[in-house]
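Each remark here refers to the structure printed beneath this line.
We call the chains A, B, C and D, going by the order they appear; numbering starts again at 1 in every chain.
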Amino acid sequence: MVALTMLAILAALPVAIAQDPRQTCPASGCGVSPMGNEFFPFIQRVGYDPAATDPFTFRYYNKHEVVLGKPMSEWFRFSVAFWHTFMGTGSDPFGGPTKKWPWHDPALTPMQKAEAAMRANFELIDKLGVDFWCFHDRDIAPGGATLAESNANLDKIVALAEKLQKQTGTRPLWGTAQLFAEPWYMHGASTSPQAEVFARAAAQAKKAMDVTHKLGGLNFVFWGGREGYTSLLNTDMGLELKHLAAFLKMAVDYKAKIGFNGTLLIEPKPKEPSIHQYDWDAATSIGFLRAHNLSDSFAINVECNHATLSGHSCVHELETSRLAGMLGSVDANTGDLLTGWDTDQFLTDPRDASRIMRVIIANGGLAPGGFNFDAKLRRESVDVEDIVIAHIAGMDALARGLRSAAKIIEDGRLDALKAGRYASFQTGIGADIEAGKVGWSELEAWVLKQNANPAHVSAKLEHFERLEEAFI
Amino acid sequence: MVALTMLAILAALPVAIAQDPRQTCPASGCGVSPMGNEFFPFIQRVGYDPAATDPFTFRYYNKHEVVLGKPMSEWFRFSVAFWHTFMGTGSDPFGGPTKKWPWHDPALTPMQKAEAAMRANFELIDKLGVDFWCFHDRDIAPGGATLAESNANLDKIVALAEKLQKQTGTRPLWGTAQLFAEPWYMHGASTSPQAEVFARAAAQAKKAMDVTHKLGGLNFVFWGGREGYTSLLNTDMGLELKHLAAFLKMAVDYKAKIGFNGTLLIEPKPKEPSIHQYDWDAATSIGFLRAHNLSDSFAINVECNHATLSGHSCVHELETSRLAGMLGSVDANTGDLLTGWDTDQFLTDPRDASRIMRVIIANGGLAPGGFNFDAKLRRESVDVEDIVIAHIAGMDALARGLRSAAKIIEDGRLDALKAGRYASFQTGIGADIEAGKVGWSELEAWVLKQNANPAHVSAKLEHFERLEEAFI
Amino acid sequence: MVALTMLAILAALPVAIAQDPRQTCPASGCGVSPMGNEFFPFIQRVGYDPAATDPFTFRYYNKHEVVLGKPMSEWFRFSVAFWHTFMGTGSDPFGGPTKKWPWHDPALTPMQKAEAAMRANFELIDKLGVDFWCFHDRDIAPGGATLAESNANLDKIVALAEKLQKQTGTRPLWGTAQLFAEPWYMHGASTSPQAEVFARAAAQAKKAMDVTHKLGGLNFVFWGGREGYTSLLNTDMGLELKHLAAFLKMAVDYKAKIGFNGTLLIEPKPKEPSIHQYDWDAATSIGFLRAHNLSDSFAINVECNHATLSGHSCVHELETSRLAGMLGSVDANTGDLLTGWDTDQFLTDPRDASRIMRVIIANGGLAPGGFNFDAKLRRESVDVEDIVIAHIAGMDALARGLRSAAKIIEDGRLDALKAGRYASFQTGIGADIEAGKVGWSELEAWVLKQNANPAHVSAKLEHFERLEEAFI
Amino acid sequence: MVALTMLAILAALPVAIAQDPRQTCPASGCGVSPMGNEFFPFIQRVGYDPAATDPFTFRYYNKHEVVLGKPMSEWFRFSVAFWHTFMGTGSDPFGGPTKKWPWHDPALTPMQKAEAAMRANFELIDKLGVDFWCFHDRDIAPGGATLAESNANLDKIVALAEKLQKQTGTRPLWGTAQLFAEPWYMHGASTSPQAEVFARAAAQAKKAMDVTHKLGGLNFVFWGGREGYTSLLNTDMGLELKHLAAFLKMAVDYKAKIGFNGTLLIEPKPKEPSIHQYDWDAATSIGFLRAHNLSDSFAINVECNHATLSGHSCVHELETSRLAGMLGSVDANTGDLLTGWDTDQFLTDPRDASRIMRVIIANGGLAPGGFNFDAKLRRESVDVEDIVIAHIAGMDALARGLRSAAKIIEDGRLDALKAGRYASFQTGIGADIEAGKVGWSELEAWVLKQNANPAHVSAKLEHFERLEEAFI
């Protein structure tokens, strides 16, 4: 029995039902990619057609179309995540790899696989019309027996990436160091009880920042994969937090030393793999940075699935970061709220996308950050075409969100109603409160003089929801 | 300071922004309700206009429009829930009532309040164009000092309801007995350790079924509000489950005795108010009914927010019930998945609505059940108009869901792809398995003979999601 | 049929099984309470007997016994919470009151009820041997039609409390203002969109601080009951947070103005009643206080059930607060982790209690804070004796925890093993890191020179757990 | 820098603190294991000494001591789980293996590793004094390129296991087939959409049952690792459930065919790896078995961590199974309730253990089932001695639970109070209800005649908890 691909299944169906899934292109064609057809031969550059019904054409994302004063590409600054997209094997705690990607042909050596994956990355980026990519050091090049070997491997692949970047006119949205996979990071990296592990993490992060800088990366991310603890029985949390701050301080110093101008980003996550992770959510991370005088040097990279794992909505985490002036970038994904772990799905819900985009618009965009697709196929999606469909779906969902968010803003009613709820702070006792002119004593006097209970005013959330729904 | 209504807020806004929120009517007018304007004077019968932008006009729900062979009214069989809509006070564990509904004018006696609320119910039903309502016995008439007094109160209000039903051509989708609010039900009703409480519950349920029958109710619901436990330390779960089954058996007997032809429905819920409730979810309830030979006499009333509290999607609970041939009715609401309790919000998400409607269509509809809005305004939504807006939003969301579900079905690709995944069971060894012709030994022989590992086939969920999204 | 009390049930059982539940007293007797026997006639002052088997005698809590250099009373500084204990009605979202406490005899006027409840409070406190109590303003005296009336009611009850405090030698551990129950607080108090509500909250909090000061209260608590939001659609989170900070700043100013020396405490809670509450957890609250330069004026009141609702252990929240130098007080309770709301149960698990007490010991105790029993009987526990049993169980559980924590500390092995894990930071490269002598470049050089991967060291958590278990 | 073992850390500590962790033996010695000292040279057979303070001596588990009429060994029938103990690598979704077990020396071939692991298994079993072990087919022998190769590998290892079983007098508590790790099981095994996968699963399960039978295994387990779904968009749940039932029916047939007398067990789990798993919890599984006439042929294997993931307590799942007459066996572990995935920790909480054992005692024990330690070390516990300590801790915790459960039962008060709560069903109207003599009409007549509301009786849960706590 041979594998049934989607095309084969469709071919077997009655013609009336099985519409042709091939890519729809405008009259002028889809655009030929200069990156070739080594890994994704079934598509050309993805076009835009609001009326398309095939999975390989954008219905909402129109790269150069201006919305609220900016081209869509600039609102999003989309990035492909190297790890999930090219290195995800499909293994999980209950089973081994399921993906059989052509760039990981078993006949290749580790370095040949790394080179093939990098070529696949730029072929995909070019065909999707994306301008950025993100990576961990150990994603793009295999680790060696020693740090020196690992660094040498990395340098070789970075040279290839540089060449391919030039061909495509792209650059890293951000780079980062993978400080959680090797066994010596099992107790943490900068928060390990072993000083030599702290040192190793520092050395690895230094090199990762070096290569991010070399590749023209715009940001550098810290996701504290195992910076946390399983139990306080065997953990000195105070000392570990002190070490975490010291490590971040060193990053600030090193960045200055090498003249790297990228933004440093903290990516919060509450749990997994550590039972408790120190960068729990945006508020915790911002508070930690402030306590250590690091808040001027860092911003927050909000990941939507991490948000919901921490009990917040993605929009809450975005807004918390925005209000602190620290909204740096977004890892665009979503989770299954009925599970308790990170599923890193592509975000496709139209309403969620609209809400996210309203915060991004309020922030004036994300630059130098952007939207990185920290999202993966389900384990049992194993066709190369699934990668392409998933990215198109993710880009289109956010584009649909941008369009609906813009319409809500242009309509104006929702924002006007919201502002109206707070109007009483613009005059009278409200204005005095805002101006800091009154304290508890003066307010008591005012209340006693009024001698009446406050007015009974509806919050009208159902009305707000109906206003919003009209544009989703 | 006086209360600011939405109209006042809008009046204070620049004209260009503050569009008139008044009801949009077609040229022929909205239709005057024969039920008058006692409680909802700001609206006439709600019309349908796909292009409307006001909150008081349906954009998707067009009562008599035929979709997939049935009028929308028949697909939905919408019902207003008396308790949340007219009796919800807004009190919660941290604060008292917030609603100041005109039908609960403090100057009225309890029975006058009950009469006013009943008039409000039918005025709302008529203006929304809904054909059904649902009630608990103690919602519609106040309890008295004794059961006899309570029954007398109930009879008076039922007489009024009968009259108003005739005027509006409506009837109860279902009735039920409220067996959880009185202090004597604190340990459960049919599962109370006190025999006299079992007896009281039986007596109250009998009367509730009597009046449901008298009013022409189509179903009778059991929601086991406190049928469950806090801790097994002080609970004999085996005995309590035996009593629960005995109680339901009595319901079957009594139904036959009085000639009530309505369906008996179990409404599962996992937690709250009991820490553990016996009717945890659809599978548990169906299993319980089967174990006690009651499954032929009952069906399931799925409540979406209860579904998610049990860790399932609403669609899972619907499908589980449908596959058992026991999908009886739906309590249409939704919850906030980031909280751990029942928020009973109006369901407004377009994608959820579409998924729900696909199961309903597969079930051929719900009759004699329907969609009951077991949903409430947020505590801080306190304008009478909020009730109307919320119901319109809920009806429209499901109607949008029906329209998109119908389009997906008519398009056919999604269902064809799904069926294609299982095609191998139609021939060869798959057909032998389906026919029960082979066992483990024969299958081992077949596998050893094949001498190959199974084909590697993608589940293509991202493709399915993109296919779906095009119609949402 | 008459109610069966526990005594009656036991009387009906075989003698051999039904051991006498009456209070066990030492030879010298239990001690007669000068507060009389108006509400708790079945007990005298509770004694201590490690071998007791009755529910009315402490087996672990021996008030004046010195453990690790302090009497147990000083380690705990136990407080009775007025609201749950005397004002809890048993009502929940699905049913009305179940408690029929004698101090709330329906024949009494509201003010007479308040006086009776206050007498009951001091009778209980005295019999338990507790030195503190906690209250909200609206718990102890009924609200009036206006603030002026409410204040007058409060003054009368405070005068009674003062008299009873003198008789018992007790004082408030803390007071607070109830800013969440009245309908005008439905959108928040200091974070309400209505300026007049902010003013009302300020006026009420001022009076609450006045009476706390008058009664010799040691702390003043802010639990932001409705300081949060349901949805960002209709919420200006930035403005609301600014108002919250302004309100707290006014508290600091007013405290200075009246010479109140008590500690101001923030009590975090993540959800309920608001879907999202601003004081989410200890880290969020501490971060907020620091961002607004308020951290020197406030400490944290950790509630264990709030901790688990936020996804943390109680111990995590205590340790987070302790490390920030802001561990102020504890609301001693626990939740059911399988539910999603605050159950406020009495903490009785021996292992949890031991872990909590190790943090308290590390903090050198809690003074001027203490352990307040913010815990309630289950809704269906309705005997007056249940109140007494629950408090004895709660005090004894923590006392058992103190005894086991002290043994673990005295044994020394667990702490030594924990310290040993971090030993590498005391010499060599570890010491250089601690001293800030090295940065990423130096660490890279060190790692490259070592040319070896870090040592593979076990975290030995199972061994730590077995060491701990021996003392539980 | 070299690895610091616990012994080395202790050696570096002051003598007074660092008590010698070496195994304590009674005067007669610990007993020399005939299985040698190849993998666990630091211990002899584990002894029992209630006063021991070292981690390698039981303080509660005294194998031959009779409690409530049975030796402890028979109450527990402890089993070592081969997979976690010998095959767990420590890899997780964020990092690779951490364990460097001597039986997996990289110099060995896969079959040599399998043999070494099997020797380690029996050395551990013998030293712990355990009589049983559990395994998946693919744990004990590596899979080959084809099923025939896999079967050949399995046969070789089974021959070794048989020999070692004879030396130790042990046997499998149960065997099972691992139907979730290979890529072809990614969509499920018996519920895969591919007929050839169903066939492969059947062939593999047949062989696993063959070898379980050959080894004298007492039970055969079905854990439906991927029998479930990610989304109903691409899933035909009805067909998949039908296939699941067909597969189980084949198991019953095959068992009869080969004369295997072991019990067939279903092990429920709600989520992970599938988002939704069909064997959600005990009630769902029992209901499914009943619906397919399989309940006489199967029992339930309750795993405690699976219980809590499904929102139930472990005790609830045990009691649900017991009441259905289907409590077959227990996977003894526990989870971290603040996380959302299976952590499979060793259960060490004394109160949980006591509650579990009360159900086991009510069930009269578990034979032919038992307690299988489906538990693993934390990823960062990497010393061989940690395996031994964890098992001793787990066995001792349950033994402590048995001792406290027995005391509570012998004391009798808790059970008497519980029975007393239900006494009203033994006389009068209660007895009539029990006897089925009355229906709703008769009960209404009885209530109306009584003309009184039910008595107000406390559930006294706090009193039950205090009674229990005295024995924990």
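The rule we apply is simple: contacts are C-beta pairs under 8 Å (C-beta built on N, C-alpha and C of every residue); 3 or more make two chains touch, one makes a residue touch a chain.
Quantities reported herein were computed from a predicted structural model and do not represent experimental measurements.
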Subunit A to subunit D, fewest steps along touching chains: 1
Result of counting contacting C-beta pairs for B-C and A-C, higher pair: A-C
Pair in C-D, B-C or A-B that repeats A-D, with over half of contact pairs matching by residue number: B-C
Euclidean distance of C-alpha centroids - subunit A vs subunit B, Å: 37
Distance from the mean Cα position of subunit C to that of subunit B, given in whole angstrom: 39
Residue numbers of subunit B (touch at least two other chains): 1, 98, 182-183, 186-187, 196, 230, 271, 311-313, 338, 378, 380, 382, 417, 421, 424, 450, 452, 454-457, 459-461, 465
In the complex with subunit B, residue positions of subunit A that touch it: 1-6, 9-10, 12-13, 16-19, 53, 55, 59, 98, 100, 308, 311-313, 337-338, 346, 348-351, 377-378, 380-383, 385-386, 389-390, 392-393, 396-397, 412-413, 416-417, 420-421, 423-424, 450, 452, 454-463, 465-467, 469-470, 472
For the subunit A and subunit D complex, residues of the former touching the latter: 1, 90-98, 180-183, 185-187, 196, 225-226, 230, 271-273, 275, 309, 336, 338-341, 343, 378-380, 382
Residues of subunit A touching subunit C in the complex: 146-148, 182-184, 186-187, 193-200, 202-203, 205-207, 209, 230-239, 241, 243, 246, 250-251, 253-254, 257, 270-271, 276, 280-281, 283-284, 286-288, 290-291, 310-313, 315-316, 319-320, 323-324, 355, 414, 417-419, 421-422, 424-425, 428-430, 433, 436, 439-441, 443-444, 446-448, 450-457, 459-461, 464-465, 468
